[in-house]
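Chain IDs A, B, C, D, E and F follow the sequence of writing; residue 1 opens each chain.
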């Protein structure tokens, strides 16, 4: 089985980190393909960045259509997840949705630790929509996304301080790392704190494998029905569906 | 005061209809400016269309920045609303959010009647996020959006049948029209059914006027903080914020 | 258009303050009429005061029936709002409902700062009923209502301290002032704190104007159906509806 | 122990019916005192009637203060319950709150059957506030309240039809009778349908006895703090609290 | 009337304490029968203990069937409540459900103070299921259950410290004691803190009396339908229902 | 990796069916071990059966401890899931929790179709606790569990009729089969109806594999802390934890 991991921001080092995390947990027989968006922001911090990352994300999914059995969108904001599910005829997984579902099997109460305050409420809204609003709290650790790429930034110290607050103040029984750029830290943090630490990239890869193995894909009835054939104009004209997309 | 109405799909006849509806309710001294997106789908039906309409929407908002005091996004899916609020330094209103808040002042229970099944759950999720999930039901009437532009399509009959079901089966005390393309029908339907019928375009224009009069604009603390300066690449490079956008 | 502002407590200085706030934001062509209840408590602090303020409120609405196009109840507890909506055949707005709907267009998370602890849960219950329970927190600042009429009382210091706690502890992106007596403070506090500060009186006036302009009024189907003709006895006999009231 | 049952409408035959129901279930040693409001509507149908019934209700509670150990408000809308709890220094029970709590011990899912559509949403909002929104449905049976006093009215037939719909369509495991005027019907309906049928008057009497026996009364900290001493003017001046009321 | 109190753990001193508390509040004519489980854990601390206490609980209910008019399960985790309701043809009450319903008549917001952290979320989930999630907070005071049987343990000091935090930090208007082993402390704590303090044993006894007096018992339609006749094997074979159990 | 599937009822043919379903989807390298409870009911229909199935379930988990890397409880009621998670030091999965999480990746709205009415509300309560209450509906198809073992029973016809109602009346975008005994029907029903059909056994096996691959196991902090060492008496004495169990 081939799983396509698309990084919806344009920073290739993050893509590489996600690919490494994915391969570490992939089953025998799963091939991880990694793609970096070629248009849009270098990092996704808030709603504006996120919205403008979607055309780049969909371009990667579209150009590679037919070459993958499932896709993972490698941003914890689940950027473009609903559009991607409507477009694709294979399963598409987001990091936040996968990670909180996974944490739900391990703990009754848990905390998501993300980067900036501007992403905190965005992720909190996702968590509520995914049904975990009564079980999960979201915290920001005041780390710009790209500082996670820079070992000298002090980012890890901030992240650890926030995890410690989650454990002492929230009654957190598990921690979810709320940014794709934290994917390499999960195992070490789990050892340090002695509670499950869930990384979204790894979680999403396993959910993708699960759905493919189960012969399940996105329902095309209702919310995620394939795009209707219609004209798209201007710079978006390449996205016009011919017929039902795929 | 100048209110910019942006139609995020590329069908100019819908923009014109929205502009007429807006001008009918605008206060003395309010100037309505209408813009049609120049890139993206001809109509927005579902998540894929919606996501790809956002760059066109933001382009209109951006190119006209400084010339309007508030903006209205003329699609009932509130396409790109969060990104637009992050971008703009003036208030931005969506039709769904404005219409359900307005209906909430008139009725304890109401029903939104939209077009296609694929939009029903999308709007239902918005309604829940806006806090009206316990008070409002969403129904689809099986009308493709552009049929609303065609008098011979039978669309109005389908819409009326669905309103009648809302009144008899849901205990609806008011009706919200769940598509910008229905904006011209509100007053007539209100007369026929004797309950408040809320049109999102008109409701959003009045909310925009209210916010401007009150000296209020989108908070730049937290969720809607202005985009951070960073590179955007490829076809999206024009969207890179210089500094905090506005 | 004529908007009647009824102060449901009997303190005329509060009415005057509300009328000034209303006139500051009213549109050209809107006339603000202000009335002070002539029976009931001098201030509304808790459920007992509130319930006994309703006959005075309804008396003002009733005696002036036919002379106003919409009414605003100038108490943040939305005293008698449901009864008034049932009675009147024009739109009636409450401060709390108007203010939180307005704040919802500006911020994802916000805090209402009210006066006494006894009003805090009462308002929190309103906020939840209006659908903002997941987005808004309510705080009391330990200020008796009438201290807001007394510049030497230290009330403003307490209010500011509570706003500062809302910003630092709640992640509030906007502030709602939770008492009609705070109406004159909104603009100054907005400047000081750099986040939207919403005053209920002003917000309600704009919602009233909006509904009148939109040709919308309270649904008379279901919850707010006009009172049925029936005898009322004793001190309440003057309130007996003749036929459907209005 | 003495329990005061106050009928907040002015129809003495309903008071009598409630008193009979109360005495049927009262413990040895419990004395039931019944009072009928002397001011306000003959029946409570909707928000307007309800608000104007409160002064009459509070008058009965006040004039008899010191002569009862707990009070029951004999209207299913829980008219004035919060004001009465703030006023009294003994426990006060409402029919709706008592009945749905009682039903909750008997069934996971149940249906409240009330009189008019205008009361349905009002009661539904109470049920949600009392925490039973996910477990209970509310139905109206289109019976004006006073028809329950008239055996020839056909009211019982309408009520039974609605109970049958609750059983077949809602999966109701128990029925709550949603009007004080139905109190005499509970046992017979329970026999007919073979499911628990809960009457609010009887339920509230037992909750009142329970609280008195347990030495528990309304908390005077927070929401239900005693009214603060302050002037009340006009027709309401008799309601001014001297000091903390009681 | 005879009320059976079953202690689902095997510590007879706790049973005795519960029986004393029950007799203190029982009505004239109510006989309290107390039974201690003869199989299972000495105390119930968490899900594992609780699940394994159920056969012992059901054994007591079963062997005494026909000799009691209602039953109370004397553990705040409401251990086996749903199974017991399905089994018995008389009302069965749990401490948590009874206590939070009782507190709901006294206060808008309250806090449950329980023993160990491992029980906190378990009880919080019950509180939410019983509909009090928006009104009640649950706190653990780090007291092993059996320390409550040992006066020298310091348990009361820990409990008092937690109650004080509930009052100062949660805005609690009342306190619920979240362990059957605290039943003897309620009255004293109520005097100390001046807010209602609800004990689950006493509350459940009064609810049991109420249901019996009202002629109400668990619905046998739906959730709590009597067990179907079927073979049970091995160590559980004695539990096989013959026909509908009772 | 070795995954233990425990059937908590004593019907070996159901265990066999579950094992077959599990092996069909297991990854290369996953060994499925299947165990049938040796004490308790032949089928689990309602709360009484479920509670009495837990000792048998825990016995299988306990006796085999150390021989499996994860466990699946093969009953859709998630019988004993919380106790099992507290006991085990490897991940434990339930069918309902796994299936609804899986369906959540495929559809915004879906319907669970289970067997008897007595299980419907039980499962509905699980679905709400797992956070899917706003997205999923639960239906009963009036099939006794063991009829699923009998091809001549007409069970499949009833199941199909209920699925068809879910599709036409609920707007279901996917179907979850709500009984372990339906595990063999998923693929065929998916082909017939053209929407995803999720089987809990298969879903749980994949979640178990995922957690093991990710190096994640149940948090031992808080809700699922290991049982404390303490005496268990009587028929349950074998379940006494020595130290923290495992």
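Going forward, a contact is a pair of C-beta atoms (placed from the backbone, for glycine too) under 8 Å apart; a residue touches a chain by one contact, two chains touch by 3 or more.
If you want to know which protein each chain is, UniProt gives these names: A, B, C, D, E, F = Hydantoin racemase.
Computed from a predicted model, the values in this text were never measured in an experiment.
One inter-chain figure worth recording: subunit A and subunit F are separated by 28 Å, centre to centre, where each centre is the mean of the chain's CA atoms. Centre-to-centre separation of subunit C and subunit E, using mean CA positions: 43 Å. Centroids of subunit A and subunit D (each the mean of its C-alpha atoms) stand 52 Å apart.
Annotation for subunit A: residues touching 2 or more other chains are 108-109, 117, 120-121, 125, 133-134, 171, 173, 222-224. Taken chain by chain, the contacts fit none of the simple shapes, being neither an open path, a ring, a star, nor a full set of pairwise contacts.
You'll find the chains touch as A-B, A-C, A-E, A-F, B-C, B-D, B-F, C-D, C-E, D-E, D-F, E-F. Taken in their complex, subunit C has these residues touching subunit E: 117, 120-121, 125, 128, 133. Contact residues of subunit B toward subunit D in the complex are 108-109, 134, 171, 173.
For subunit A in complex with subunit F, the residues that touch the partner chain are 25, 27-29, 91, 93, 97-98, 101-102, 104-110, 130-135, 167, 171-174, 187, 190, 194-196, 198, 202-203, 206-207, 209-211, 213-224.
Interface residues of subunit B facing subunit A in the complex, by the touch rule stated above, are 10, 38-43, 45-56, 58, 80, 82-83, 85-87, 117-118, 120-122, 125, 129, 144, 222-225, 227-228, 230-237, 239-241, 245.
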